[in-house]
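Okay, here's the structure, questions in a sec.
In this document, chain identifiers A, B, C and D correspond to the written order of the chains, with residue numbering beginning at 1 in each.
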Amino acid sequence: MPPAHPFDDDKLKEECGVFGVVGVDNAASIVALGLHALQHRGQEAGGIVTHDFGQGFSSARRFGYVRDNFTDAETMATLPGPIGIGHVRYSTSGSKGATQIRDVQPFFGEFSMGGAAIAHNGNITNAVALRRELVGRGSIFQSSSDSECIIHLMARSMGQSIPDRMEEALRKVEGAFSVVAMTRTKLMGCRDPLGVRPLVLGKLGDGWVLASETCALDIINATFIREIEPGEMVVINADGVQSHFPFRRASPRFCIFEHVYFSRPDSILGGRSVYETRENIGRELAKESPVEADLVCPVPDSGTPAAIGYSLQSGIPYAMGIIRNQYMGRTFIEPTESIRNMGVRLKLNVNRALVKGKRIILVDDSVVRGTTSRKIKDMVLEAGAAEVHFRIASPPTAWPCFYGVDTPQREKLLAATMSEDEMRDHLGIDSLKFISLDGLYRAVGEAQGRNPKAPQYCDACFSGEYPIKPADMMDRGFEMKPAAE
Amino acid sequence: MPPAHPFDDDKLKEECGVFGVVGVDNAASIVALGLHALQHRGQEAGGIVTHDFGQGFSSARRFGYVRDNFTDAETMATLPGPIGIGHVRYSTSGSKGATQIRDVQPFFGEFSMGGAAIAHNGNITNAVALRRELVGRGSIFQSSSDSECIIHLMARSMGQSIPDRMEEALRKVEGAFSVVAMTRTKLMGCRDPLGVRPLVLGKLGDGWVLASETCALDIINATFIREIEPGEMVVINADGVQSHFPFRRASPRFCIFEHVYFSRPDSILGGRSVYETRENIGRELAKESPVEADLVCPVPDSGTPAAIGYSLQSGIPYAMGIIRNQYMGRTFIEPTESIRNMGVRLKLNVNRALVKGKRIILVDDSVVRGTTSRKIKDMVLEAGAAEVHFRIASPPTAWPCFYGVDTPQREKLLAATMSEDEMRDHLGIDSLKFISLDGLYRAVGEAQGRNPKAPQYCDACFSGEYPIKPADMMDRGFEMKPAAE
Amino acid sequence: MPPAHPFDDDKLKEECGVFGVVGVDNAASIVALGLHALQHRGQEAGGIVTHDFGQGFSSARRFGYVRDNFTDAETMATLPGPIGIGHVRYSTSGSKGATQIRDVQPFFGEFSMGGAAIAHNGNITNAVALRRELVGRGSIFQSSSDSECIIHLMARSMGQSIPDRMEEALRKVEGAFSVVAMTRTKLMGCRDPLGVRPLVLGKLGDGWVLASETCALDIINATFIREIEPGEMVVINADGVQSHFPFRRASPRFCIFEHVYFSRPDSILGGRSVYETRENIGRELAKESPVEADLVCPVPDSGTPAAIGYSLQSGIPYAMGIIRNQYMGRTFIEPTESIRNMGVRLKLNVNRALVKGKRIILVDDSVVRGTTSRKIKDMVLEAGAAEVHFRIASPPTAWPCFYGVDTPQREKLLAATMSEDEMRDHLGIDSLKFISLDGLYRAVGEAQGRNPKAPQYCDACFSGEYPIKPADMMDRGFEMKPAAE
Amino acid sequence: MPPAHPFDDDKLKEECGVFGVVGVDNAASIVALGLHALQHRGQEAGGIVTHDFGQGFSSARRFGYVRDNFTDAETMATLPGPIGIGHVRYSTSGSKGATQIRDVQPFFGEFSMGGAAIAHNGNITNAVALRRELVGRGSIFQSSSDSECIIHLMARSMGQSIPDRMEEALRKVEGAFSVVAMTRTKLMGCRDPLGVRPLVLGKLGDGWVLASETCALDIINATFIREIEPGEMVVINADGVQSHFPFRRASPRFCIFEHVYFSRPDSILGGRSVYETRENIGRELAKESPVEADLVCPVPDSGTPAAIGYSLQSGIPYAMGIIRNQYMGRTFIEPTESIRNMGVRLKLNVNRALVKGKRIILVDDSVVRGTTSRKIKDMVLEAGAAEVHFRIASPPTAWPCFYGVDTPQREKLLAATMSEDEMRDHLGIDSLKFISLDGLYRAVGEAQGRNPKAPQYCDACFSGEYPIKPADMMDRGFEMKPAAE
């Protein structure tokens, strides 16, 4: 399985994408298309559950890409019915090798009133405590996933209907969750009170769709209706969409990094084009941190819109100084005479003729460990660039995410241990500038920047201000930033 | 095997890439890296042959990508030795299903003085006649490939050394060929007298490299020495590079489409950056065919440099109006309610928020059948674009290539049956303009444009003027353009 | 996956084999060998669970043969530790297609005091009721297997140790069960009060082994210690074997069909060689149902020992009149001109030269649907046999088994709807004789034959007298034989 | 791929089986069935070639069993047409790993008058010299197989028809060959002048069949017409069978080991049932080498008919003292405490209860290296046998075969270096007796035994008298037995 992004190993990773549909002729094939459009949110594995009155619930869960697992007629024929949900995922916790197929969602449970399946994007911050209690009372967990708590809480609920049980279960859960679930006839969706992860509603003929992003509506020609609101739960069947708000209301704190990197540029978040937001970020960066140079070049592919914005604002020509290999490979045997930066060379090549003798501004979306940035700088200098300036489309990433994104431990984050200048020297480049937190807020449309008293977004990875207490992680020793800071 | 380019089915396809190395510790792993960098020249299959004095010749030939076939330690361990060659290929003749593993190069033959292997990029225009004669004399062909003639001619040669035999064989061959070959100790390379296909020489430590393009030198950190000249044959061993010119000298006619589309933008052809040439094409297009509009958008990915050039020349902002799915899939089950243009949706999505209400210039590299152009236009209009203008970075493709590129039959080429205006109406767009042939020549550096008496390049696909008589195809009924025309 | 027995589709099938070991260096490889020796008890799938203090519990479950799934170093390295259990299985309930990997045992559960795994041979006759109750209380079942009830009952138990919980769970279970289970340090085994299915104890160096049959001790050079007694539960750890009898005592009713067909001929059951028992059956048959003939031929392979016995008793020469293809295949494309009895021809061929003009006695182990018997008769007559006499090494199979054997529904059993003479005519043979029930009891060593008041064995498939009420099946409408009969 | 015979590694191996059919609706499926019946003659790989006027020649060649490769509809649909040939093979020359798919027959060549395919059972004793000459003249060999010479000789022939070319080619070939070949419309068959390997002719409806053994006719319900005679060539088309004798006539020397071991017991060779011949061998053995004992047991499975014969002649009861595991495996991870004779235990188990305290006669077909015999003796003694006597159904195998059987080098053959008594001591058994060469001849129907002046069979592996000079092997240093001896 090839990696899809050139620096998978030095990027933050969204952990999941979810999708559901009801009221269509062939739900599984629509779910497959939707998951394909959401593949950037999780490339390790995917699963689909459907229900058909002849055959009951059907399920297929596989490692690898949707296009490789859910396209053959044989597999798809095993997933009949007019309702279905699906999930794509990264591994939650570092140790990829340890992931087993039983960790792949959707999870399914048979209750006395029938079966239900759920797919979860986000992270449950009190999962360890919940699991301990459930096991103590005789529940048998099949996976190592935090998300499995939800289905066991539903199984244990005394609720008289499955939507009731889901409400009850989600009220016990803390953290970030955008959940899509199904019974035999009902499609359900719910976002946590802060709405950390996205979830949108679409209409497809007589049927309805729930998806992590609008790009998954586009691929199936569905109409984008609206976002599910923070704290909202919807139950959808033949009669239409019923909406509830089962949780105590709270101020929304949508993940600002979805705008910067996770979401696809053709998706619409909070009424804003992700592409345009990123172009704005580039413009803000150019205003905040101008520099004289000959070319603005994106680090492919995610730096592209910000680089275009930087070029438009600064008037410095935009060019593809680094070319991505369309057939990226993760592993090759290293020939004896060691090739410098071979890992990067498999994925990228510098456009030597273009770069030679030029002052280059490289625009990237973020710096995590910094390992890739160093290698790219090496290649660009080797190709004869006169100067190398980095402009980063996000503030320094200094804190781990506990709400559904796979981040290295804090001590591995370059920005957790170095100042901007130290990072510049560490990377060995002529200048390094990150967008300011206020600049980022402006780029997403907050003209006044960030409201420090009540930030409009979750920006914990930049600010260290966690809107939901990471209970399990604190039990394991994680120290939050002192409130005074 | 996923497709790598979104419109594989409506693009001309380079048929092959070749690579060879001698004098290194682990030739196979270097060949694999080189082929990986050349994967865009042939995605259907690949093969590697090496020689080691302990184990003799070793060979592995596989369908699929280099990254999937030649990266595991087990396979690579079967390919020991300090010398090796490799090949990536498309199928030569339409019927992909009919390709068998025995058609995959390099081809190998055991002669009385030892074995030799060859890999060929190009097309032999008298292969049918040669094959008929060889079979009549008792040669047994294993493949349906035109390239196999070369190894049989070598086997039949009375030459006293393998390089002698290769020279003798290639003198009997007509057409386009860039050949890389090897004996137990010697690496050989040869280009046809017109130099239709590229071939470059590089240095890697104490060893030497031959490759179709310079990007294959970059991936292994090799130094680009020079191009093999049209009509030149090199024989490389421990003592260095010996050069011969076994053919009657002729004026070079390098394939101009290598500049437009086939070669990688980071390669250097004839001393020119391919990327910059393509940006030039965009600038020429903007001069020749300006239009008022709001945005210049590339059709991903090959239209990108020309779109940037168009934007720079015209001052109209460049934007990614069409977003490519990084995880492209070729096949999905079509849901019952047919999704319009599903094939394209699997690969691309229009950036709705960006495009809505705008006048859009779409820059693409070529129009072959026109099927994809129509679908893209549909999607862009559906997303609310006010106007759609196509600008094409090559002249109308009206004639098939017989020199190593997989083209549809002439009657399937849109430009063979329609004028530019008819094509515009057929595609249903507001305007359509191709770059002129002279404009293209200017973009590749011929300030005076094309010399109609002695064209500097092979441009048969645009002009119908074939520099080498396509003998086999004429036997099958192909009619060349009347000379008077 | 090739079939292993020529008439898999017209044979009763043992559903499972179980194996466990503790106190050895590399438990998984020993479990794999044991399961290989028990493969005849279940060919559809197999699984192994081990525990190692570094790595915790490890598990691998696969469709197909042990030799294909549990022999590569890579898989076996994922199963470290000094303790392990394993299971081979047929599908329980007809619809093979429906079996999913989650139905493959051993089943595993994490309890508050640690994890446990179980493997079950037999069938739980009140599983439906138990499952309904457990689901009602919030347990989530992962499989469709009756055996999963046991692990949920254990999870729900308030017992303070895992062996206590297993005792408690098994006291709630009705039916036939030979269970092997493990904690991190303890190997456990238990047989139901009637001891319907076999389970034996062996010693291997300092370690201990539990297995369905003694042939699984032989393959690993272990010493056969004794059978686990009906109703006995053993808990084995470093200190040795502790024995309990947690159930109300009952008269044993071991499955008599294990002697006739299920068990391997080299196993020892109840102190008796299975091979010799089968030879005895042949001798009894010859006494009960002699016939003048030229040759006694087994229907390969299971009829062999009884045919030898018949020959020894009758003095009629034994010969291999039917030859089995060692490379049996289940499916081939049927050529246009339909080949008579092609399914059987793939597996068997008549020894024409031997059979021609002869009076042949064919000895088979049982008649289930009778479909295969007809085809064999056809082939033998076609080859020129003068007469064909069938002698069957079991009484007529007229009732389904509910204790762990895969039997067709009663109406599909030939003997449920026809008398012996009707069957003879239906099969179109010269004579047909089954061994009498008393004859069978004599062959297994009951000199007085069957005790009708208190049968020494479970012979429900012949007699319709079910020693354990098949509660679930009766709920589904199965009617037992009237007691008066 | 599982082994099919328990002692594959200590048995002589037939190298090939061939099959062809013409004049039927679906040749490929009939060829597949025929090859399945001939699988015992070659288990490593198989291939089928067919011809259809729409599609031309089609070919599929695969490693593994026929049942696994030529049963799916997809593969078989690629092999259309009314005529086809097929081949199953072992590797010719020890080094199994070195075999490549290009070594798998049938071989195909395109000539000026059309294509032809051939399949060869036997061994060409002057292949090295022929190959050297052909390569010197410019033929390119694709395989390392001796058989490929035939197709190159045909390609080089000036014959005006393909049958003429085949005649001419086979006249240049020395050694043992039973060849089946095809053009677009004709099926051809030929046996070498001595008729070393078998080949039979059958009739199937309006069509005709050629096969190595009659068991391949039985599986498709074809009628056995006659054997192809030594030195005969047949050409079969719509008009029927034409017969030629292109070679100088010679006294036939059919391979006597085909009777002992290679052929299937249900085949008919030279008008004799193979099974009955083997039973006769057992009777002769009992006459020549009686011994007091309690049981006669076959070494499964090939010793079975001879053991039955020995029992019938001697009156000592026949019993299955050794049970074969139906699911034989070649490899398992060896547990730490080494299991004695684990390799044999995977395949066989001693019937302990039967053998204990008994004097056992073990009947086996041959002793090659003797390694397996030792292990079996160990297991039988370990199980408590009082005495172990071996009776071998062939004379001592002291010479390698050069006519199509895979034999170890002479120095590895136990009988090449030891007398019968030394072998007995080496094996550690109570007695060891081989059948005499005369006894073997009597068993195959030569009442007077072997004619030492003009032996009726090829028995070089026993006698060292090679009827065809092994030219290539003598070039490599093999020394024949002095004529005087």
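Heads up, the rule we're going with is that a contact is a pair of C-beta atoms (placed from the backbone, for glycine too) under 8 Å apart; a residue touches a chain by one contact, two chains touch by 3 or more.
Because the structure is predicted, anything quoted here is derived from the model rather than measured.
**Q** As a test of understanding: of all chains, whose mean C-alpha position lies farthest from that of subunit C?
**A** Between subunit C and the rest, the longest centre separation is with B.
**Q** Can you give the whole-Å distance between the Cα centres of subunit A and subunit D?
**A** Comparing mean C-alpha positions, subunit D is 62 Å from subunit A.
**Q** How many angstrom between the C-alpha centroids of subunit C and subunit A?
**A** 51
**Q** How many Å are there between the centre of subunit A and the centre of subunit B, using C-alpha atoms for each centre?
**A** Taking the average C-alpha coordinate of subunit A and of subunit B, the gap between them is 37 Å.
**Q** Using the touch definition from the top, which residues of subunit A touch two or more other chains?
**A** none
**Q** Chains as vertices, touching pairs as edges: which of line, ring, star, complete or other describes this one?
**A** The chain contacts form a single closed ring, each chain touching exactly two others.
**Q** Name the touching chain pairs, would you?
**A** All chain pairs meeting the touch criterion are A-B, A-C, B-D, C-D.
**Q** Once bound in the complex, which stretches of subunit D touch subunit B?
**A** 101-102, 109-112, 132, 135-136, 138-142, 151-152, 155-157
**Q** Using the touch definition up top, name the residues of subunit A that touch subunit B in the complex.
**A** Residue list for subunit A touching subunit B: 2, 4-5, 24-26, 28-30, 32-33, 36-37, 39-40, 43, 65-68, 70-71, 73, 76, 204-205, 215, 218-221, 264-266, 268, 272-273, 275-276, 279, 301, 304-305, 308, 312, 317-320, 323, 325-337, 339-340, 342, 345-346, 349-354.
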